[in-house]
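Presented below are the structures under discussion, each in the form of structure tokens.
Shared between the two complexes below is chain A, which pairs with chain B and chain C, respectively.
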Partner chain A sequence: MKSFNTLAGAMLASTLFAGAALAQTELTMWYHGAGNDNEMKLVNEMLDEFNASQPDWKVVITAFPQAAYNDSVVAGALAGTLPDIIDIDGPILPNWAWSGYIQPLKIDESLIKDYLPGPKGVWNGKLYGIGMWDAAISLVTRQSYLDELKLRKPTLDQPWTADEFQAALDAAKNSGKFEYALDLGTAWTGEWYPYAFSPLLQSFGGDLIDRTTYSTAEGALNGDAAMAWGKWWQHLFTDGYAQATQDPAERDSGFATGKYAFSWNGNWAALGALKAFDDVLFLPAPNFGAGSKIGAASWQLSISASSKHPDGANAFINFALQPKNLARFSKGLGLIPATAAAAELTDNYKVGGPLNVFFDLSNRQGVLRPVTPGYPVMAKIFEKAASDIAHGADVAATLDAAVDEINADIEKNKGYAAQ
Partner chain B sequence: MASKFTRSNGTGWLMAGPAAFLIFCFVILPFIAAIGLSFTNQRLVSPNPTEFTGLANYSQLLGMGMLHLDPVKDDAGNLVLDDAGQPKLPELRSFTRHNKDYPGIDGMRELFSFASGEGRTYVLARDVVFMKAILNTFIFVIVVAPLQGGLALCLALLINQRLRGINVFRAIYFMPVVVSIVVVSLLWRFIYDGQSGLLNNLLGALSFGTLPRIDWLGNASTALGAIIAMSVWQAVGFHMVIWLSGLQTISPTLYEAAAIEGASKWQTFRYITWPGLRNTAVLVLVVITMQAFGLFSQIDVMTKGGPLDSTQTIVFQAIQRGYGKQDISGGSAISVILFVIVLSVSLIQRWLTREKV
Partner chain C sequence: MATITSDNHGLRLAVRYAVLVLIAVIFIFPLVFMLISSLKPDAQLLADTSSLKAFLPVGDISFNNYSAAFKRAPVGLFILNSVIVTGVTVVLSLIVCSSAAFVFVFVNWQGRDLILTIILATLIVPFETIAIPLLLISSKLPWIGLDGLTWGWLNSYHVQIIPFVADGLTIYLFVQYFKDLPGELIEAARVEGASWFAIYRRIVMPLAGPVLATAAILKFLAMYNQYLWPLMVVQEEGYRPVMVGLQYFFQLNVVWGEVMAYLSLITLPVLAFYLYLQKAFIASIASTGVKG
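Up next is the complex of A and B:
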């Protein structure tokens, strides 16, 4: 009899619960993490908490594999079937804002007052997207390598100069201990190239585009600074410091097995490096003249322009930006929390934590990729140019061609002017 | 000209209907759209309205130019030598970039050059990458068509025998065809790996370590060859089956007669088998050619057109532009150019292999 009562109680409760759920208006959301069970678990936890926390809105999620995500959103936008909330990779955001896929957010200013600069998706003076985390790149090595090669440990305030970095590469190469001095991750094609390598170009004083006007790449990508970058970049490969073609398996395990002295890698690989060695160092990017630079911005939350319930979508995003949610993803996925307050809630990123250095790197050296709707095309052109130069193509001709292609694209799009 | 095909044939059309409908929707219609789009500035993602731009996409893709440069001379009229002791030429870049005296070649790049007179003559192209893609695609077709067809015929002759367990061999040769090309490409990427690839290990073992390790896909001089070898291997089984079906239509009585007449093996092949395979040969040749022009998946998985554009192909460029660089009109123009190329080649093949009366 007791079990019957329990059953009846459960049924009653579930009916009531369903009733409550029905009163909520449904918000749809697309997310790029399908196939990553760990990430989806965290997202679903947060959704459940949001749905239970208030009576008005219920977010229903559809996940896509990351590789197919952008195509799905573009197809959805063309077909007019975008959901209320989408997540979006930072550098593409201006393109989608310009195309009219997304609308500006209404975010409680106090939540993003202390934000890192990277996760804010601002275009044309308006906030279109906001990220719960950032990512950062460092030059990974070991204290024992530095001692052995008699190298100074660079700091955020005093990073290596171009000469010091060259001396470090030479020392590593001449020691004969490593297969290659530097692991740049050339195995990772796609967005990795502009994300990881264009900040090096910016550190030389060049850029993908002239950021004062965003209307031409002439002089930025083929000026003297860019040519210097191109020659330096090419010499890394032709002089045997790094591999222009790399096996993906070596990228994943090469540093841990001692093949490389230095590895140019992101914070998401940091936990693996810490596991491999107990004296791992995450060094800041060298300063090639115009300051040390690394790429900023990761995935961000945004609201589609066609959403019928922007107030609900904004409520969800405001909920997501609470420090405990930022900390949740950092703890689960190793990402950099977007605020110092959230960083304090995590073991890895709090002051004194093993990955805290990434928080400072992101804060002090992070540079956004060019904030323009033309970025996705630029990224492809830069990837090809960097890869061609690495394989020995003529630097000036390659960069000229890249400039022409970027400028032709800008012209074809009428300067990417805001509508 | 009324044939069975054009006369009222309800059942036939009913059976062909679903396939014809799908082909119309997903092949013919998009193709007509591509022809239209190639004359516009249509983007994949853009709030700007589409505009008619005439032949701009085609001239951008196919524009060519020539330039002859004479060596630099100093004031006394002597040749200036560069660091390597060769006569120094003026920088090509100074002529092709914003030079008002040479508006016709503005923005062009060197496709190739040759020594002529005292200086060098440069052949320039507005889109060097696309030109290389056309060249690579033709190399691929010219090598693959005879090689794949010939190998498939050899295999078909080998397995066209009444032996015990011959079906096992048929299955083995056919297996790569059934496996997805993407999977095959991934596997071959491991085989070609520059460090620990199977091919390098095999060559190393056979040569007792004297052969250097080659990064097959990372080397501009070997990448296209590596892809050709892998593609031939992958599809050879399919054409083997077509040859086999052709072989089995040849009447055994012809072979019996030949045996009685005392014909040698070669004579039997030359005067019975080969004439009997004529139609099959035409089919295999045309199919391989068309498939070869569509080379894409291997490139996308294995090299992405690199290194140094040594494996760019026409279809890869079409997708790269249309989707990757969001330039639907440019991608459409490439598709139309490819269509014209394939159509011309097929017509030429048809004319060469026509029944001679």
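Up next is the complex of A and C:
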């Protein structure tokens, strides 16, 4: 009889559990990580935990390859088939918010009060997206190189000045030890250009657009500061400090093989550099006059405007923002956790960890790319301008043309005013 | 005046073959490079690109890139999807476009030339210009399938097939070919009381082998290489074709050996199809230059 009761109890419990599972409302989610097994494994682990943690919602994911993701989302928006939850690259967020693809989040503000600034996707005063991590760039080199070239080690409080950076490049070039003094990663195209190189323009005092009005690039991208950046940028290539055209293989392995003295690269490549040498340094960006700047913002979670279950989507995002989840992606992918509390849960980014410097770089030097719906267009225009200048185009004419193109786009879209 | 002797005839033959071999080598080298590179680890692959080793199976050769490619993406599924979409489209296209061309060439009806002109005019309209309207229409169309009546064609095979069944180029190819067929054949059949369908099926199509092969190969290549349209209308992995699948391999750090392995795998159906129809294709090309 006892065994019958136990069996009956187990059956009743399993029936109730199954009932709870069946009662879960399905939330759809699109993610950009198809083809990246490691990343998808982490995402699926988090989804499984969320789905098992409560009886109301079940997130079902569809993954897209990153290179095809944005186009798929735009097509989905046009066709009215967007899912409840989408992830979104930070700088594009204002465009998708302006286009009406996504809606403001309603999440627990306490979860993001200690957040790094980069992962917060704010546009028009509203939070539309939130990231679990940030990315940061540093000037990678080796202590032995600095010693050999008799260079001061720059710090966050005292980064290299423009003159010091130039002296470092000269010393590396004149040493004859390196094929090129500086690896800028020109082999990478697309978003790398505005992400990695527009902060250098901003450090000169220029920008892609006048951020006080977001209505014109005049003066920001072709003023005196931008002209100074353009001439400096061009001389890096014409004077043989860096390659305007680079083989992807050189980008991947050039620093590790001693081809370059300095490499302008992101935290995602830092573990590889640490494996290659035991005296690797991740230096802050030089200060060209207007402060040291690096790019901020990475992929973020957002909710589509057409979602019929924004409460469930918000519940999922609240779950995703727990420190253990931020740490999960940092441990698995080498990304910068969005909070100091989460960083302490990781070996690499905790205080004293080998990559902790990136957390500070993101916090103190990170600058968002222009927070405007016009950013995707100006990013492409800037990429072309920077590449043209690197290949010898006239600086003033190129920047003037870029300004005209950006302004024409803004005008065509009626100033990208909120609709 | 130069005369052909046994000596210079041999020399000319040798030169001719040398030129042909050179051209063959130029065309085949990309394929050889792809296949050989798919067998090498990235470090060796990139190091070999600056020498002839790039075309030789030397060094650390293995099938590791192939196993990694299958692990990174459902390669078999993507190839199957592309073969289904391409195969069905090619078959339907040959039937529909040849039928249309038959009606344009052999049947007299009012407005025939105008309609044909309009169809041929679509050749100058790039697909990109109609992609978004087509997406909006496709997303709202009804479909009766195993699940009954559903609305919206997205995430299916038929949304990748139906918009491409009829096209101006294929109709044009058939029209040009049918125009060269002897009209007496058709007239004789009509006199004998044959229906238009019987003439199409029993007289015209059996003579259309070369143009069928040409149209099939051109359609096959266009469909197999589809990227933009499936990217827009297919969100579920289960219906993705090979070209969208290629993007799975372009992560931040690209493993070129895996890319080459994937490309080798997805090239196989194209090569097999081309080799199968090669003779008819060449016959069709040759016939376009022969005047009777």
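Going forward, the second predicted complex is superposed on the first by the 399 of 419 C-alpha atoms of A that agree within 3 Å, B and C clash if a C-alpha of one lies under 4 Å from a C-alpha of the other, contacts with A are read in each partner's own complex, and residues count from 1 in each chain.
Everything that follows uses one rule, which is that a residue touches a chain if its C-beta (ideal position, glycine included) is under 8 Å from a C-beta of that chain, and two chains touch if they have at least 3 such contacts.
On a predicted model such as this, the values are computed, not experimentally measured, just so you know.
In the three-chain model built by superposing on chain A, chain B clashes with chain C.
With both structures placed on the common chain, the touch criterion links A:Trp268 to chain C but leaves chain B unconnected. Shared-chain residue A:Ala68: touches chain C; no touch with chain B.
Between chain B and chain C, B contacts the larger number of chain A residues.
After overlaying the two complexes on the shared chain, residue contacts for A:Glu49 are found with neither chain B nor chain C. Of the two partner chains, chain C is the only one that A:Asn36 touches; chain B does not reach it. By the touch criterion defined above, A:Lys412 reaches chain B but does not reach chain C.
In the superposed model, A:Glu344 makes contact with neither chain B nor chain C.
Applying the stated touch rule to the two superposed structures, the overlap between the chain B and chain C interfaces on chain A comprises residues 71, 247.
Per the touch definition, chain C reaches chain A in the complex via residues 42-43, 46, 71-73, 132, 135-136, 138-139, 152, 154, 231-233, 235-237, 244-245, 247-254. The residues of chain B lying in touch with chain A in their complex are 41, 43-48, 60, 92-93, 97, 107, 109-110, 128, 193-196, 215, 217-218, 220, 304-309, 320, 323-327. Those residues of chain A lying in contact with chain C across their complex are 30, 34-37, 62-68, 71-72, 75-76, 78-81, 247-249, 252-253, 268.
Put simply, chain A touches chain B in their complex at residues 71, 74, 77, 95-96, 98-100, 189, 244-245, 247, 250, 376-377, 380-381, 384, 387-388, 391-393, 396-397, 400-401, 404, 408-409, 412-414, 419.
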